[in-house]
């Protein structure tokens, strides 16, 4: 059968990324407490394409991914996959992004009830022509914020709401997702739980109203925590608050990229 | 050219709805203050299909819709469109659903600043074989809720969050979208605004903390208001709160259908 | 601590559903080939609420769900959970909806390459006052359709596109998700695969162009298949095609409810 | 009243962006045929924040936006808004992103039927410390693609599907959205229409099957067109195909940024 993808291209235009998105697969990732966790991943995988080639062989991406089923998709394995993609597709760069819901057991502060809490996470890798590999982790952490301005001026209460912090870091060495999530949760007005009894609710409400923070405070405080971690090369932090008195969202973003 | 749609069908299976979704068009709707408002609508239109016919003529739906461009898509016009669809496509039933963002000028409670606020709304119509027409309106209203349980037990504050109420009503006569939205907003702990200065924030925060409500309270209080309106034949009310201390949503729903 | 939820309510308004949505948990479901499959579920759980009670105890929903972790969430277990919810919350009705991505190994038609394919599925249960339990399954199956009208009139080709069929059935006895998915895939112009080599592509392309179907044909042919299964009490089928020549979607829906 | 935002900050951390997202407003944009078009916009607006300041004054963003209601939000006006934001909030940078559905009258190729077609567009602006202003336009164009590989190897047909091309350009001078959309549509296998009669369907189907293109071909051919426009300083092009034989998407991206 003829193979159109193999043909030479005369347009002289390099392609930055060509690949596949919306691949879904159950995979394993590293879990701090239980060693390993099975997750359902959404995968995006691509390479660059030389200006001389007309097309890429997309089924090879899946063949490579398929080989790693059953293995732990940790940062070390991501490097192996990127090298194999680059070699199998004869390109100079390759990219891989794996998104999944990750579960961590959360203990309610007073009742000590336990329940799994869901966090959206990503493992991202890129291999360059010189074989240097960039590894990124991303965690999306739901939080609550109490507005210090509203607290200061109001006779009672203060507007408070759910928000989300997205922390994306380039790392030099392995970091637990749990540690990144902890780092973020420590800096919000309050954190979210899957299950709470009334004594827990009382504790959490009082704690967050004693700890009001602007969206600007939250991203700055997370940045201070992130900067202390020597395994983090560079980062971006974005916090979005779903304002309970406004019909719009408020957000702040700090970027510290090399 | 051959016309496959016209062919007879021998499978003997009636189709409840066959039609088109995700049509986008700028249209006009009735506005209580400004008489008329231009909105961007997302339209779904369909008919039933007799077990004897193989297919419908989908382009005719668009031809009918197109004729009404420039007109006001109010409840009266919806009836005209449904009758024309039914006649043009020679079916016994027809359905039309028009979704759009509707803007109402909102005045901040203290500063009196004005700004447009966006509400997601729907106009829905159905014509039956006996030519009886059912007309529905739906409004989606963002609100805020303060938890009375959390307020009762906590030394300071109470968890509070954004929520959304969806009110869907079958009507016998014309009702302003503004009146349905008012009816809903009156029963939440607090309402959302597009623009607020600090004195407004103070006023709204205190008002909502003086008015804590469970999700169950909110849907019941909206139901009491809805029942007073003689133009409303039946209804459903759903309130969803994006909990600021839980990583899940809490919802309540009342249905009163004839 | 005071318990506001327990208070009596004087508004006299029953609530159809009050509960929690967007709970995420890893659970197990029955797998035809591998006995059991771990999936990531999104759970919605609720009860009705008597007009005499002010509120429900939401944390109890999570306590019940939590007990069943590690068990297989099959239709039998759903019945147990519903009964326990009803009893623990002292209500007359309870509802449970579990959504997840389910994986089935798919074999390419010519190369015989294997890869997991993802299907969105739901298990839905409802218990009534008389303890009768309704059990539903829903499968969402991506398909491809070739337009017979376009094929008939064109010198070359025919417009063809991805679509999705949602089949929702009320069942009297256990049915495999695999069997429902098979039933749907058999009636499309063509089915989708995760991995294909060129000989597979040739085979699939020719097969679907030899089997053109209108959206009306597809839902009718699925209905014929569904009606043959004696374990299915009632059903709805909806097919939506993401038209490759129109900027809107075309859909058809058959409902056969008792 | 106390003003927490005005306080000095000692953390020494600059914030890249702090602002508001999900503001919805009806605005006017320039229309090549009708001079002006009313659209419903979703607005994101932000500034940077000096490490010395604790917070920004978010309501001022809305005050500035509100002043421009009734005006045409073209590239010239975007520059005015950015300057005013920067001055009112006393910051060194400001950002504005306006997203909307834009309508263009489309004429069917044979029947000459006319109907409005919807395109998702963005106008994006950024002002720097030196007052230099960057202006970007983005258009999202639905297209159809016929696979040349599948056509080459199959006895009949070829897999064909809907896709979408997102073209984002930095411009030195005003460009019509219509011209950017034209540029993109010219390079796909086929384009989408809102309304088609059977002779149109025949024409379009044959034209696209005579013009099969890989996703790699499409982005390259759009790039050639973009490079000819002297008003475009730099660009990115991404094409995603919703494969009709695969349950994943295929994409290609070219970036040419200065």
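We just call them A, B, C and D in the order they show up, numbering each chain from 1.
Rule of thumb we're sticking to: a contact is a pair of C-beta atoms (placed from the backbone, for glycine too) under 8 Å apart; a residue touches a chain by one contact, two chains touch by 3 or more.
Not measured: the values here are computed from a predicted model.
Taking each chain's centre as the mean of its C-alpha atoms, the one that lies farthest from the centre of subunit C is D.
Compared on C-beta pairs in contact, A-D and A-C come out with A-D as the pair having more.
Inter-chain spacing, taken between the CA centroids of subunit A and subunit B, is 35 Å. A straight line joining the Cα centres of subunit A and subunit D is 26 Å long. If you average the CA atoms of subunit A and of subunit C, the two centres end up 29 Å from each other.
Chain contacts: subunit C has residues 1, 3, 23, 118, 149, 153, 194, 196, 198, 202, 247-248 touching two or more partner chains. Residues 117-118, 142, 144, 146-147, 149-150, 153-162, 190, 192-194, 196, 198, 201-202, 204-206, 208-210, 242-248 of subunit C touch subunit D in their complex. Chain contact summary for the complex, subunit D toward subunit A: residues 1-5, 9, 11, 13-23, 46, 49, 54-56, 58, 148-149, 152-153, 214-217, 219-221, 223-224, 240, 247-255. Those residues of subunit C lying in contact with subunit A across their complex are 1, 3, 23-26, 38-40, 59, 62-63, 66, 69, 101, 103, 113, 115-116, 118, 194-199, 202.
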